[in-house]
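Data first, discussion second: the structure below is written as structure tokens.
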Amino acid sequence: MIRRARERQPSPLPPGRVLALPGQPRRGRPFRVLILGGARSGKSFTAERLLAHRDRVEYVACGPLPSPGDPDWAERVRLHQGRRPAHWTTLETLDLESVLAGRAPAGFLVAGPDSAAADRSPGDVASPESDARGGLGTPVLVDCLSTWLAGVMDECGLWTGGPDADKNLAERVDGLVDAWRATRRQVVAVSNEVGSGVIPATASGIRFRDELGVLNARIAAECEQVWLCVAGIARRLR
Amino acid sequence: MIRRARERQPSPLPPGRVLALPGQPRRGRPFRVLILGGARSGKSFTAERLLAHRDRVEYVACGPLPSPGDPDWAERVRLHQGRRPAHWTTLETLDLESVLAGRAPAGFLVAGPDSAAADRSPGDVASPESDARGGLGTPVLVDCLSTWLAGVMDECGLWTGGPDADKNLAERVDGLVDAWRATRRQVVAVSNEVGSGVIPATASGIRFRDELGVLNARIAAECEQVWLCVAGIARRLR
Amino acid sequence: MIRRARERQPSPLPPGRVLALPGQPRRGRPFRVLILGGARSGKSFTAERLLAHRDRVEYVACGPLPSPGDPDWAERVRLHQGRRPAHWTTLETLDLESVLAGRAPAGFLVAGPDSAAADRSPGDVASPESDARGGLGTPVLVDCLSTWLAGVMDECGLWTGGPDADKNLAERVDGLVDAWRATRRQVVAVSNEVGSGVIPATASGIRFRDELGVLNARIAAECEQVWLCVAGIARRLR
């Protein structure tokens, strides 16, 4: 029943129109962009427009993979995929540290213009040697830090009370922030603003809100640009 | 017990002060404004200030009508009414398509300066022929799209699982967006920002958040001006 | 389990860096600043940076005192304290009216650079006669209006249905707004944005959201500056 709402994405600009990056990346310099916003505020669309003029883009989906058990999520993922240009490469992984370092990430799938997923080895994707236009020179779109955090909190056993859950989570988050700080790739990351409602009803909701708020601020502190989306309109915060 | 809070509205400006529209509407051109903000952020007040200098205003309330069963809501509606100038006309309807097209809306009530509700026929209100200052030339204030959406979702049977609920809702929303795009009236609409908290606890909460987020973005994409209110302060997004 | 997240605060600027106030306070003129933002958006940090260059600061904590029954809250308070310079004075009180008027507040504790809490009488702290650098000339940081409101709603019996709860709350809120309007002190107050999620699940959540939204707007209307924080980035609203 909730599928229909997902078919209409915010589309504040005519299709194909590019949102120019004010301030162009320079070769060899980091160029890191964070796109923030509430649910359905046009974050992903804004991120895609920022990179619409690029020859190649590596799209990194951090959400759970489509599964037969969740047709709505699968449908949404399919629609997002359909919106992306055919020449983009899609990775599905939580291993953002490797992506940012230009290494082959663990446990990913690839869908791209010039190969079937099964035909590629991980090293083909992210290695700068493997492709003149790929590797470090290919911009990355990370969509999104919120689903990355949710997935990592799950992996670390936060909800099942694993013995080292807090410690493991802190290491993963610190690792991401370090990799973001050190990356030489051009990267645009999307993340959710979740802290402007009343106190969440559950302890896990409070924890997620707090972790994501701190993560967003830590990432934002290491960005060349930060944008906030409201009703499909992107405004620059930095 | 919750009535008292509702008696004090945000009042960041001295009463009667007008918020000038930067960019004046031109005759025959559309002039559509969206005022966004969280709960109690001063959205309605801002919309009223935008139109405070106009001779006539058609105020369209999309909320449920006051009923004996909900004294708090009735009280709030009464206070909102008391804040509006006596020369404004009030319509209470979900039929925004007709309002935007300048037709008489279905199922409405009228309270205005020059007649009792019972004395008027629908055609008196919105027909451009019926009144030199009324009709298409009279600006409209829609308060608000959030209550409109909630009412329409209810009418379409979203919460009771009606067989064509999703399809009917999509048609109503598409119809509103089309009417907004086509309108020749000057219109200021208020809507809520509801997507910046954690994931809602209920499926209906998630659905409403998603539908409203997409609706806000679709409407915003067809506006001459978009404003965001925070703590009674309105800032222009576009 | 939720302690670890609280140890990493947003730190978008190098430590010690000062956020210059655009527009300096003038002697004898009010200088009132409101810092708004969602949870973990860097509000407290921003407020502290605004006053980082001052010789003395009176820090007013409105939250509940640390207690053995809530180690997480106690830990968070301890971390906040550790972040503040050693030469700041800390008051813990809900009596903001006295603080703003330069009177000794009721029921407070003091932790400061030049005395132990037990050695001081209330009059030592806020009386302008007692200290050439203290009193009215010492800037105040109020952290935060949200916890002040929650505490006052509790004191007024809002949740237990006291007979005059609504009336008492209205008087306390009006008293704070009056004191804020009249103060001759330089004051920076922090408050939460809580109105941009879906409708809260409980009546008390709705009431708190509405009261805080109106309070924020009333305070903002009487400020020389208002800032909004998102992901550790402060933007000026007024």
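We just call them A, B and C in the order they show up, numbering each chain from 1.
Going forward, contacts are C-beta pairs under 8 Å (C-beta built on N, C-alpha and C of every residue); 3 or more make two chains touch, one makes a residue touch a chain.
Everything numeric in this text was worked out from a predicted model, so none of it was measured.
Enquirer: Answer with same or different: of all residue numbers used at the interface between chain B and chain C, are over half used by both copies?
Expert: Different: fewer than half of the residue numbers at the chain B-chain C interface appear in both copies.
Enquirer: To bring chain A onto chain B by a C-alpha fit, how many degrees must it turn, rounded to the nearest 5?
Expert: It is a rotation of 120 degrees, to the nearest 5.
Enquirer: Roughly how far is chain B from chain C, centre to centre by C-alpha average, rounded to an integer in Å?
Expert: For chain B versus chain C, the centre distance works out to 35 Å.
Enquirer: Would you pick out the residues of chain C that each touch at least 2 other chains?
Expert: Residue numbers touching two or more other chains: 38, 193-198, 201, 209.
Enquirer: Residue numbers of chain B touching chain C in their complex, please.
Expert: The contact residues of chain B facing chain C are 1-6, 8-13, 37-42, 193-198, 200-202, 205, 208-209, 230-233, 235.
Enquirer: Which residues, counting only chain C, touch chain B once they are in their complex?
Expert: It is residues 34, 36, 38, 158, 161, 165-167, 169-170, 173, 193-199, 201, 203, 206-207, 209-214, 216-221, 226, 228, 237-238 of chain C that touch chain B.
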